[in-house]
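Okay, got some structures for you below.
Look for subunit A in each of the two complexes below; its partner is subunit B in the first and subunit C in the second.
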Partner chain A sequence: MNIIAIFISPLIALITGMFFLGISRKIMARLQWRYGPPVIQPVIDVIRSFSQMSISHGSLFDFGIILSLTGSFVLILFLPIGELCPLTSGGLIAFIYLMLLGPFGLALSGAIAANPNSSIGISRKFLLSLSYEIPMLLVFLSVMTYYGTISLVDIVKIQASSGWAIGSWTLVLPGIAYFLILPAILGVRPFEVVKASQEISSGPIAEFGGKHLAFSTLQHALHMFVGLALFVDIFLGGWTLFGLLDFLSGTAWFVILGIIIFLLKMTVVFVIEIFINAVYPRYRIEQAMNYLLKWPTLISFIGLIIVVLVK
Partner chain B sequence: MSLEILLIIAFGGAFLVYFSGKISPKLRDGFAVFISLLLVLIISCLYGKNIEKTFYRGFFGLPLVLRINMLSWLFAMVISSIGSLSVIFSLSYIRDKEKTDFYYLMLLLVNSAMLGIVLTGDLVSFLIFWEIMSWTTFFIICYKRGSALAAGMKYIIMSIIGSMAMFIGVLSIQTNFNTLIISELSAKFTSASSGYILFILITFGIGFGVKSAVMPLHTWLPDAHSQAPTPFSAILSGVLTKMGIYGFILFFYFIIGLNKFLGLGPDVFNLHYILCWIGAITIVIPTFIALLQNDAKRLLAWHSIGQIGYIILGISIGTSMGVASGIFHMLNHATFKALLFLTVGAVEYQTNGVRDLNSLGGLAKRMPVTFIAALIGAFGIIGVPLTNGFVSKWMIYKTLILNTHPFLAFAALLGTWGTILSLYKFVHNIFLGQLPEKLKNIKKAPFDMQFSLIILSIVIIFFGILPGIPLKVINSIIGSAGFSALNISSIWGIASKTGTLNTINILTAILGVGVIVWLIFKVGRKSKQVDQYDNYAAGFPIPKDKYHYTVEYYAPFYRMAAPFLVDIFDIIYERIAKATENICDCIRKIYTGYVGNYVMYIVFFMAFLILIQLKWSVF
Partner chain C sequence: MDRNQISKWLKNPAKMANKYSFHVVYFCTGCGIIEIPPSITTRWDAERFGIIPVATPRQANLFLITGYVSTKTLKAIIRTYEQMPEPKYTVAFGSCPINGGMYYDSYNTIKSLDKFIPVDGYIAGCMPRPEAIFIGVTHLWKLIDMDKADGYKRYREDYEFYRENQEQLFGELDWPPLFQNKES
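Right, the complex of A and B next:
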């Protein structure tokens, strides 16, 4: 089971992530009364740029992007997708730390390229992630404290028996806070400050072409997948659907349907994010930080206080 | 090998090195390396020994005791190994400077004094070694003269205040219990009242707190760390601040005892809980002050304070995993902070003393080994998985979360995110980005410098992948303090019912996926190597030397947070110092130096006495 999961879950994540990139362009186009590219356009782009020649600024430039994609794939292995969770070690705390590898690799690769646009983009990325990590850590702490466990798998299991976390009145505030910072995690507007193609020529990836660009696109797709999957796992009950599937439990269908339900939940959340992306302009970095450190932080802080009082 | 001989080698060796330096510098260097490595060898042979013996009885009737157990062995090992790496690093660093013999003498004396502190079994010799350590450190901080003198003064004044407080504590223990032998004190303290224990903890706490730079007593550290010679900064930050931690652990869990310590004070105002919050504050504020620094060593110095916060938080939470994580983080901090300081030292040596983060850049291409070492050190202090910092931080978070202290855990996590920002800035501004023209001809560091860097990097990774090895030692320490042992049956992680850490899992995942990704990368078309100026700037030419984005790297954050991140305590202490100086100035006006004036004082005083006698006839 685990051996199969090791190969299947990265595949699922990659396909879903690329699909999300595709439908986001399609939905944006339809909202702007355009026809839009086909859904598989990002896949075509990746394959094409993979076969093109790229420039390289030395071995660290290559190492950074490899580390970044590796980090994102490793995250998938520690993430419960439906009932699949190939590896567990260290729970959510280790997961938060593993989330560092992707951005750090990209930062190394972007910075060694000696392009000031990349450095500015990376500086913005770190500032933005500091601002959204503060509410995010508070959210994670409320969940871990409330359920008394640090394991992601256990958090999903408890929700299977006691209902979705976002439905319980103690965890509704952290849930809202996570939803508010989700655009910043996904890097969509109004928090598109890192790439900001009109200002700093797409920031950290300014120097990437060919296979480097292909890898960074894959990394972005996986990163979006992780951000959404965490929301579904922690607040929307993972693979559970109000116990409607219980009669199937123990069969292979149960696992497969669990994955499908999980992906459907993610898609719904993602489409909502795309709608937000479509109607908002881009914040400046100061505005983004101000917003993130104000409302989501306040809400999640109150949420954590409530959890502590209840415990 | 008995402990007296160990200390004689340590102290005698220091003077031997000094005098051999008068004969030939080569001989001195050889002796310094030999003696520091010999100490590492002897101490590693003492593993698992439990010796306690009185070596001298005549000190005003007080017995002087030497002892070794697991706790002192671990600290002695850290002291001697970081010390020897620092000596090896010093070989090139200090070679062309003046007063080299004096430098080595002081460096080795500091190490010997610290060995003395951890190997003594009574509080008198503890105090004596403590004072030797303070004074030798003072001389070495002032080594560069100039502004270093002011930093040294600040350090020694705070140190003396600390030692005086400790001295009061020692006197009080002697009068109350009539013994100063540490192993006998634990029995005496079981009957002591909590008020008295609190008094003792405060007196010693001031001394230990100053040395380990806990938040309100930290102000000497940023100046001293940035002014000292860099190889010594590594010792200062990696080992010397840990002496305070050693004292805290000794008093909390070996003299006062676990149950007494955790039972001090009512529920929320329990002493150990207050200490936890002091630790949490010590994590957050200095870490974010570090983000504002532009001097590489000053940045690291502020992080030293922040990391001490984690250790304090770990040891005062009072669960077995918490205390183990505190001790483990102490060990880890010694490795990665020494490594980071030494990388700064290597850069400083190659660039003739440039430490300003805004005037370096692009050195990764010129100094690859130093860069990799700095990266590993940065990963360690951040706690990226597969480094030792990750394991100890994971243990701290886990124990905090599962004991429902989420706000403390939040402070700890927040500190980590501050660390990520400033350590990335550190690595980026020195090693990444555009290589300025003036640094074009920088060579890589000499081999003896790289040797220390490589050894420390290997240790960081090794303990990160196999944390069970150091945790075994720590397990027996916390076992002797009365905690239940951690389950580390496998050397690659910690098993428990509430969440298992398995580093080999993470290692295989990263390595496996990494190899696959690398192979896919290889399959793609080969890329063309380009120069650093050959890059995309949306049609604009990139001027040389101008486009390394470093100054105010996190500008929006600075604008937002800088007004709040002021070191209030430093300002307060400076004011007190100024006021004291003014008062002393006023008093000095009386002592003019003219004999005539003094005769006048005498005459006035006599007249005053006569007046009193005439009026009231008291005499």
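Right, the complex of A and C next:
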């Protein structure tokens, strides 16, 4: 079972991530009163990128993007998708360590390309990820303190018996804080500072063509999946649905329905993020840092204090 | 997407993906810039055909040259074209890149763009309306289907011809040749 899960869960993540990229373009088009591209357009783009000749700027240029993609793939294995979780040890600590591997790999290959636009993009990416990691650490700390465990599987199991975390008044502030930094994790507006194509020619991926571009698109899809799945797992109860599915427990249908419910919850959160993306303009990088280090940090810190006092 | 295209997708996915995903570098040199924003935004919505503007030539596979080409901008056009990864397609938009258009007697306007970089298709008119871009794109689909949009192959084969024309115009070029000579 575990061996199958190692193959299946990255596949689910990849398909869902590409689907999210597709529906984001479609929803954005519909909000702007356009017809929009087909939902599979990102898949077509990736196939095209793979078929194109790619220009390499050295071995580190190839290595960096592979490292970035590998980091995202490894993160998926620590993530319970429904009841599917290949690596149950590690839990939230693994996420604290490995979340920075994606930006780091992209920065390696962008830096070796020696394009001024990608240098600006890399510095923005690191500043942005450092500023959203502080509230994220506080959120993780309060969740770990409240549930008394670092394992994501256990957190989901406790929520199955005691209700969603965002419904309990102690964890509502960390939930709000994580929702506020979610656009920065996904890289959508108002925090689209990294890949600002009108300003800095799509930033770190400015020199990427062909296979490198395809890999970076896949990495972006996986990174989006990780950010959304963490929110659903920690705060929206993972695969649980108010105990409606308990009569099926123990069967294969339970696992499959759990995965479908999990993906549906992620889709709902993602569509809300797309609405936010559609109505907001882009922050400058110092405005984004000011915002991220002020409001989500404050909210999650208050949340941590409340959790420590209650515990 | 038509259901009868599935067999084509299975036979040659790279070609079909190249057809339905054009990432475009717009080189807006003259009055052609006016026609581009309506065609990529809400009014005419080029994204439903898979056409999306990108910021760098590395990510692009369609090069749209709109408006007249002066001697100075031709240098930038050549360098942009050489930076694009293959397979790549070029479409010249408006009558100026075809034969000079209203600048037929100008001393520093390129009369025929086809001498310097290979052009896969022209959209004639002064100016063509945004619908003409879509007609041009659907025509380019047919050309790709028949393997006739082979500008990048011609550039590789006849590189000496194009390089000679470029050097004749600019004198000494300040970048090395993209392809090495076959004889040497």
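The rule is simple: the second predicted complex is superposed on the first by the 311 of 311 C-alpha atoms of A that agree within 3 Å, B and C clash if a C-alpha of one lies under 4 Å from a C-alpha of the other, contacts with A are read in each partner's own complex, and residues count from 1 in each chain.
Just so it is clear, contacts are C-beta pairs under 8 Å (C-beta built on N, C-alpha and C of every residue); 3 or more make two chains touch, one makes a residue touch a chain.
Fair warning: this is a prediction, and the values are worked out from it, not measured in the lab.
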Which of subunit B and subunit C A:Met53 touches, first, second, both or neither: both
Touching partner for A:Leu87 - first (subunit B), second (subunit C), both, neither: first
First (subunit B), second (subunit C), both or neither touched by A:Ser201: both
More subunit A residues in contact - subunit B or subunit C: B
First (subunit B), second (subunit C), both or neither touched by A:Ile120: first
Which of subunit B and subunit C A:Arg25 touches, first, second, both or neither: second
First (subunit B), second (subunit C), both or neither touched by A:Ile176: neither
First, second, both or neither for A:Gly210, with subunit B first and subunit C second: both
Subunit B versus subunit C as contact partner of A:Val39, first or second or both or neither: neither
Contacts on subunit A seen with subunit B and repeated with subunit C across the two complexes: 50-55, 117, 201, 206-207, 210
Of subunit C, residues touching subunit A in the complex: 1, 13-15, 17-18, 20-21, 23, 41-42, 45, 47-50, 52, 54-56, 58-59, 61, 84-87
Subunit A-facing residues of subunit B, complex: 362, 364-365, 375, 382-385, 390, 394, 397-398, 401-402, 404, 406-407, 409-410, 413-414, 417-418, 420-421, 424, 428, 432-435, 493, 498-503, 505-506, 509-510, 513-514, 517-518, 521, 524-530, 532-538, 542, 547-549, 553-557, 559-560
Complex contacts: residues of subunit A adjacent to subunit B: 10, 50-58, 60, 62, 65-67, 69-71, 73-74, 77-78, 87-91, 93-94, 96-98, 100-101, 104, 107-108, 111-117, 119-120, 122-123, 126-127, 129-130, 133-134, 137-138, 141-142, 144-145, 148-151, 201, 206-207, 210-212, 214-215, 285-286, 289-290, 304, 307-308, 311
Residues of subunit A that touch subunit C when the two form their complex: 25, 29, 32-38, 40-41, 44-45, 47-48, 50-55, 117, 197-198, 201-202, 205-210, 213
